[in-house]
Structures are given as structure tokens and as C-alpha cells.
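Two complexes, one shared chain (chain A), two partners (chain B, chain C).
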Partner chain A sequence: MRAIRAIAVNTFREAIRDRILYLFIGFAIVMVISTKLFGMLTVGDEAKIVKDIGLAAMQFFSMLIAVMMSMLLISREVDNRTVFNILAKPVRRWQFVLGKYLGLVAIVAANLLLITLVLVVMVLIYTGQFDPMLVFAAAMTMLEMSVLAAFATLFAVLTRPILGSLMTLAMFVVGHMSADLWMLTRQLPGTFTRAVIATVYYLVPNLERFNFRTEVVHDLPIPPAAVGWAVVYASACVGVLLFLAALRFQTKDLK
Partner chain B sequence: MRARTLVSLVVVGALLAVAVAAEVELGKIPREDPLGRELLYLPSPEMLKIMSLGNPGLAADILYLWSIQYYSGFKPDERFLYLETIYNLITDLDPLYFDVYRIGALIMGIQTGGDQAQLKKSVRRLFDKGLENLPESWQLAEAAAWDLFMRFQDQEAALHYAEIAAARPDASGRIKRMVGVWRDKGRVWTIDDSIEYWKRAADDAEDEYDRTMCASHLYDALVARDRNTLEAVLATYSERHGSCAESWGELIEAGLIREVPLDLVGKPYGIESSDCTIVAFKKIRDL
Partner chain C sequence: MADIQLSVEDLRKTFHPGLFESPIEVLKGLSFDVRRAEIFGFLGPNGAGKTTTIKAITELIYPDSGSISVCGLPHTSLEAKRKIGFMTESPYVYSHLTGREFLRFCAELLGVVRSQQEDRISRVLDDVGMAASGDRKMGAYSKGMLQRVAFGQALLGDPKLLILDEPMSGLDPIGRRDVRDMILRQAAAGVTVFFSSHIIPDVEALCDRVAIVVDGRVRAVGTVRDLVSREADRYEVTFAGVSPEELSTRLLAHHVGSGEAWVRVSSEDRDALIRELADRGARLVSMNPMRATLEDLLMTHSEGVDR
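What follows is the complex of A and B.
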């Protein structure tokens, strides 16, 4: 446990020294603040637009950070040969993978926290009210990002940094489209084709399960069961992906 | 070194100046820009939903902001191209977007050119879609009622939407009064129905002002009913005696009525003998 924590903390420290992180966070915050400009262009409820753009910025930049940072995590250690120093100590390979993953999640969480804070203040300025549902939306985005970070970790172990980045990005896009994949199974004739598509649907995590932005923006009721099952779903997905990553890293030739 | 830097700066500055000048000149050249060109490449709502990667609300916002800017450049007598399509697209992306139904219908209403009957149908379709997607919004139904009443002078449709608004939870007392007034003016119900409605409205009033206003309408409805009865009695008296009665006492003596008729607050009606009609002395503060 200590080894995992030490690797996670180190990963977090290493990442916050990276300028690219500040670039993304800076962009995200500027985007959230600039929602005021968009609000001025509308006729009607400005707060809706502020929330929509803010929540989308939160998701988009967290995704970018997860994708970009994950690639630097393991590949940098391997390329700089620092991985050997770590693994020479009483650290198992799966602990290394898990530590790297938790470090990445901590970076994304810190970024999300910052953007959420700015968004909450912006909405407070607009409406004069604190909207706790924005914090809930951020928490659900974090859940989505934890799954994406697990994908990023798996691809970081499996392949080269750029390809891994692209594959993580592709998983993000496909993860948001998988509901349409499910719709397709109903429209297609033939049991076999439908079974194949249904299998693909269940293999690719449905990231829309963590999307409660519409409910948050329109103050709609959120079924507690949907939140509970989303947590279970994310945990299971992360578990499977990290298990596969650890399994691959166990036998990976690092030379 | 300094000379090289200076030359570099001059070259960059010169190229920048050329680029700016070219841009200015290009802007002056008239280009063929057919109306609605920008609208031809609008994707379907399904495609936009997918492209938004879980942010259909944001896609709806962007389209809505764009539509406001795009259509504010038109003149009222022009036919607004694809207006209904655009607002359908936005409301498909975010069916709960109240402002889009409201402002979309408003922009449609501004248009004075084209087939007005078709335009009214488009406005109604947009409102109907909104009312279906926002089943608790009495505000949208009220907006629909006023738009149909003011812009299209369609009292029947206006009343239809006002009734929808009044039936929705938490509807303001103002809406219920609006329904009653429009039904009275449109003569779509009997006086007895009107009296019954205003009695109930006064009993259910949400505050003193609302109660007074409902009582005022109830007063008018009761006067309308009493006018029918009493003016018939006055006419009978005039036929028998050759002139209109001066007071209720003459009618009681003639056996046409048993007692002095009173209004809602217990004050006697008056008789205007010059045209043989009744007079009601309504004072809001008494209601």
C-alpha cells in the first residue's frame, strides 16, 4: 500500500511540474469565465448557457488532461530507465501500474476541482445562488474520467504514447456513442449480427451512463439508483481495465 | 546582429501589412452569397447529438445563439428560411429549453412576409412541441396564448392555450382570470357557466387582489344575468303602462317583481328610465 501511495504521489508531483497541464487548466478556466460573453448573446436564461458551457469545458479539458498525461506517465519512466530504479525496490509491477493510475486520477481530480470552483462562482454571480448540483455533475464527470484514465493506463502499457493517446481519445468518442450502437441492435435484422453488436456494446463502456448534465442544468430529479449503479459500473470497468494493464505490464519486456 | 533583427522586423511588418491590405481588399469584392447558404449544411439532430459527445445541451445553446444572430439580420418582410427546421433541431437537442420555444415563436411572429396561415401553423407546432416536452410549464402556454391573440388575432387558439395554462399546476391566478375573460368575450359559454366559474375562481383566489378581480368579474356576470331578466320585466311594464317605470316600487305594485333587486354586494340596481335599462353601481372597493 505504501509503495502504491508513493508512486501515486510521485506521479502527481511529476505531472504538476508539467507546463502542458497548466495550459489545459488555464484554457478551461478562461473558457468557463468567458461564458459571460456567451450569456450576453442570448435572449432568456443566461445561467443555462453558463452551466452548459462550464460543464462541457469541465468534461473536455479533463479528458484532454487524462489522455495527454497518461502517455507521459509510463513511457517517460521506461524511456528514462527510471522504471528500473523503482522496480528494483520492493515494488511489484502491478503496484507500479496502480500507483501510476491513482496519480493520474489525482491530477484529473485536482483539475476538476479547480474548474468546478470557478464554475460554481460564475453561476453564483449569475443567479445569486449556490448550485450544489454542479458539484454532483463534477463528481459524475470524475467517475467518467476514472474509467478513461484506466483506458489510458491500459493503452500506455500496451502501445506507444501517440498511438495510446489516439486510442484513449477513440474510446472517449466511442464511449459516448455506444448508446447508438445499442439502438442499432434493435434495427438490424438477424440474430447473429445483433448479438455481435450487443457484445461490442457491452465490451465498450457506455460513458453516457455518467452523464447527468441535462438533469443538472434543468433541475430534473436524478434517480439515486442511477447514481449508485453508475458508481458500481465505473468501479467494475476500472477494475477490469487495470487488471488487464497490470497483467500486460507483468510480462512486458522493458528493455 | 542588430541590423539583421531590424531587417527581419521590417520584413515581417511588411508581410503583415500586405496580408492586412489583401484581407481588406478581399472584403470589398462582392461575392455570390445565396440566402440560406449557411443553413444548407445543418446536420440532423441525431448526428449533432452524436457529435456533441454527451453535450447536446451545449450544441443546442450554440445553435440557439447562432440563430438569434442569424435571424436578427433579416428584415420583417423577408421570409425567414428554415426557421421551423432550425428551432425543431434545437429543441430536439434539448427538449427542455424553454427560451427556444418562446423566442423561436417570437421570431416567427416577427415575419410579415410569406403565407401567414402557414406561419401560424408553424408557430403553433413549435408551441405544441414545447407544451408536450414541458408539461408543467404554464408560462409557455400563457406565452402561446398571448402570441396567438396579439400577433395572429386568433381568439379561439388563444383561448385554447390559455385553458392549457390555467389547467397546469401552480398556474397564476392571472391565467385563470384571462381564461374567464376570453370565454366571456368570445361568448363561448352561458352566463350561468360564467357565474359558476367566477364564483369558484373567487373562492380559490391566491391573494386579496386576485379575489377582488374575480369578484369584479363575478359581479359583471351576475349583472349580465340580472339585466336579461330585469330588462324583460321593465319592457313588460312599459308595454302595459306606456312608459318605463321610475322605481322598483312601481314594478312591485304592478306584481311583476316581489322585492327590490340587489346586486352582488347587496346594493339595489338603478333604473335608467330614458332607455328603460338597469344600472349597476359597481365599486371595486366594495367587492
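What follows is the complex of A and C.
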């Protein structure tokens, strides 16, 4: 398992030596800090607005980093043929896929940690209180990102770089519209369109399962079962997606 | 057989580039064996299928049929892969790493024992003449330096079989000589070397045996000496005092320049020509045997192949 670790570490290192990552992290932090502006401009509980927009920004930028970095780190390794060096050595193809995935998850996690820290400190300054639920919300976002990173990994081995990123982005968007899709299948007339939309509904994971923002912002109780299911759900999705990615990569001729 | 280090048998591969493009049959039943501790050259023109063969051996592509074994093991086994040191056609490297960091990464992939890692990396950097530049970012390396580091990573796992794809192409004369020396050093240490090239002098200078590959098949295998006949089969003769047109000996070609005549004869007709020149009182200037070269052989095998 040293090979997997080495690949993950090298992926992580490649990202932190890339200026692009800092650009994104910089944006994210500026975004989170400027929620204070929104708080001042809007009527209502300012702390709640800061939390709400801050958590939304956290999710959005984590998603962007997952999508961008998957393209830079996985597709680039295959396109630049640095992967030849790895796979001609005693390393299995699935180990490469898993190592890349773990490296990507580590980058997203590191970035999420940073944004969470900024948000927690901001709310602390604002309300004088440490809100542990923000950390909980960040952990749930991390679950969502682990699923998204698995999608990114699958698309990186399945298609071309830009297309793969767009498809990952599409999964993010559709994954958050699951409930709307379900409504659509009820309302649309044609059986064919209904069947197509139902298929999409069943194929794309429901990412809203990881969304506890309303509960966190408004101090509502969080059912432990929902959290437990979210963890199980994420693990299952990641497992299936990585399995498919490894399966496809296993027989792929490298150019 | 125990002393076969690499065996490739009836390898076939057709690429299917896309729905609307016709398939490309690259390997058409390619076979050869490499023996222990020899330097084996894989010589062929561009597009012959050398890189494709090497990628099949290193499991970067999957052939349609045929079998490959490394030291008697199936080439896809981890055990076989541990015995191989591989250098790609051009160096593909991470520009964010230093040479030493790259080798450390490779050592981890190879499972080199941690306590030995640093020693081994320093030794390899020394071997390839990169001890001084090991701590600079690879993004700033020249092609020659990249090639050296790439060679270094191939040596890192103490391989039994070195597979080098065009190790000397794109290098300046000094770089080529250094790579040649590195290959010879490894061979002297008992490592089997298999390398591909389209450059004849490199193959002639290094190889114990050569396979000539054209259009996806091995056309000839043997020592360079076996492949090019040792006996000269033609002679070039220059003389003065007689016009070639007057000679009755059968000539393959002739030409008259600044007072001297030049003719080419087959080896059977050589003695007849000498006698006739003496009889007619001509003055013999020179006589040179012409040997077939590897180049002639490559040309002969390439005839009639679409390029």
C-alpha cells in the first residue's frame, strides 16, 4: 500500500506547488470574509446570514477545487504520460486510481479545513461564540466532496479533461436538483421523458442528503439517523464510482 | 528456457482510433527472445511498432493476442515487473519535483526498503552523472539531464532487465556517448539490456544481437556479424590505361573519371577482371571489397512497405 500512499502524496504535493490552488483558496476566503458585507446589507439576523452565505461559499469553492484539481491532477498525469513511469513499475492500475482519488480528497479536505477555520473565526468575532455546528456542516460538505471527487476520478479516466470537468459539474448541479427531478417525473406528460428523467434521478446521487445548512443556521435539531445515512450513502457512492473507474482504467490502452 | 530473459511470441495489436477512422494494424505477429546478460537491439524505421511492442511488454497497452514473459514469469505479474527497469521514449517527468524527489517517489513505488532509499538514490544519481543537479527542479532540466534522471529511475529497482525505448535519440554526441557508456556499464554488471533504436550506428556499436523490425514483424534476428555477410560479395576496382567498354569481364557498373576508370564486379568475376587488366597492360590503382551493411539489410526489408 506504499504505492497508493506515494501516489496520493505526490498528487497532493503537485497541487500545493501549483499557483492555481492558491488562487482558488484566496477567492474562497475573500468570499467568506465578505459575507459580513451581505450581513450588513440585508435585514435579519446578521450572524445567521453570515453562516448561511459562508457555508454556501464553502461548498461552492470546494466543488470548484475538486473539479479543477481533478482535471489538473488526474487527466494531466495520463495526458503527459507521467503515468507510464508509475504503471510500468510493480503498481496495479486500481492502485493508481485509488492513490489519485485519495490525493484529490486530501487537497479538497485541506482547503475545506482552511475555509472552515476562517468561517468559525468570523462567526466567533461576530457573535462572541464558537459554533461547533459549523464544523459539523463542513464535515457534511466533505462527505459530499468525497462523492464528487469520485465522480471526477471516474470521468477523468472515462473522457477528455475538459469534458470530464463539465460532467462532474453537471453531477453537482443535477445532484442538488434531485427533489425537483422527482417532482418532474410526477408532472411531465410523456412516458418517455418521464422515463429519462426517472433514470437520471436514480443514477445521480442525491447530494442534498449532505445538506444540513438550514438546520445549522437556524439551530434546528439534526436527526442522528440522517447523519448516519449520509455517511453510509457517501461510502456506497464512492465505492461504486471508484470501482467503475478502476474497472475502466484496468483495460485502457495508454497513448 | 532458463536463460531467456524476455520472450515475445506472436504479438498482435490493432488500434481502433475512432468510429469513422479505419483500424491500424500495428503488430502483425511479432516474436523474439532476449537472452540473459546480452545487449539486444530492436532496430527498425519510425512507425515499425517498436514503441507499441515495448508498451505491451510494460503493460501500458494490452495486445490483442500473443504472449510475453519476463524471466519466465507472465509480464503482468508484480514479480516480473519488479525485474524490469523501463525508460520511456522521451522523458515524461513532473516539473514540480526535484530529481531527487522524483527518484524518492519512484523508490516508494518500487517498494525499496526505506533505510536503503537515500543511499540507493545517491548512488543512482552518481551513476547517471546527476549528483550535482539532483536537488534542482526537473522543470529546469535540459533534455540530456531529463534523460539521465529517467535512466536513473530505471536503475533504481536493481533490475534484471533494462528496457529502453530510443535511449539515444534527441541527444547531442556527448549525451549519446554517455548513455552508451551507461548501457555498457549495466551490461558489464550482468543486466540484460533491451533497447529500441532507428539509428544503425548505435545498434552496431552496442548490440550483441539485433532484431530487425519492419511493419509490425521481426524480419531478421542475429548478431550484427551474422546479419551482414562477413564475405564481401562485390568489389570496386579502379585502374588506368584501358577503357571499361573494351573489357570482356562482366561488370555490374562502370564509370570513367579524370583518366581513371571505376568498375564494380561480383566476387566470382574478381579474378577474371584482374587477369584481363594484366593481359591488356592496364595499371591497377585500387581494389576494395564491399560488404553489405545493416543499412542495406534494413533497406532490403523495408522495400515494398508503405510508410
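In this text, the second predicted complex is superposed on the first by the 239 of 255 C-alpha atoms of A that agree within 3 Å, B and C clash if a C-alpha of one lies under 4 Å from a C-alpha of the other, contacts with A are read in each partner's own complex, and residues count from 1 in each chain.
Throughout what follows, a residue touches a chain if its C-beta (ideal position, glycine included) is under 8 Å from a C-beta of that chain, and two chains touch if they have at least 3 such contacts.
These numbers were taken from a predicted model, which means no experiment stands behind them.
In the three-chain model built by superposing on chain A, chain B fits alongside chain C with no clash. By the touch criterion defined above, A:S34 reaches neither chain B nor chain C. When both complexes are overlaid on chain A, the residue A:H218 reaches chain B alone and has no touch with chain C. Of the two partner chains placed by superposition, only chain C is touched by A:F84; chain B is not.
Of the two partner chains, chain B is the only one that A:E208 touches; chain C does not reach it. When the shared chain is aligned, chain C comes close enough to touch A:R2, but chain B does not. In the superposed pair of complexes, A:D18 makes contact with chain C only, with no contact to chain B.
In the superposed model, A:I49 makes contact with chain B only, not with chain C.
The superposed arrangement places chain B and chain C with a least CA-CA distance of 30 Å.
By the touch criterion given at the top, residues 2-3, 5-7, 10, 13-14, 17-18, 80-82, 84-92, 251, 253-254 of chain A touch chain C in their complex. Residues 15, 55, 58-62, 78-79, 81-82, 84, 86, 88, 92-94, 96-97, 105-106, 108-111, 153, 157 of chain C touch chain A in their complex. Residues 50, 53-58, 60-61, 64-65, 68-69, 94, 96-99, 102-103 of chain B touch chain A in their complex.
Listed in rising order, the residues of chain A touching chain B in the complex are 38, 41-45, 48-49, 52-53, 55-56, 59, 172-173, 176-177, 180, 207-208, 211, 213-214, 217-218, 220.
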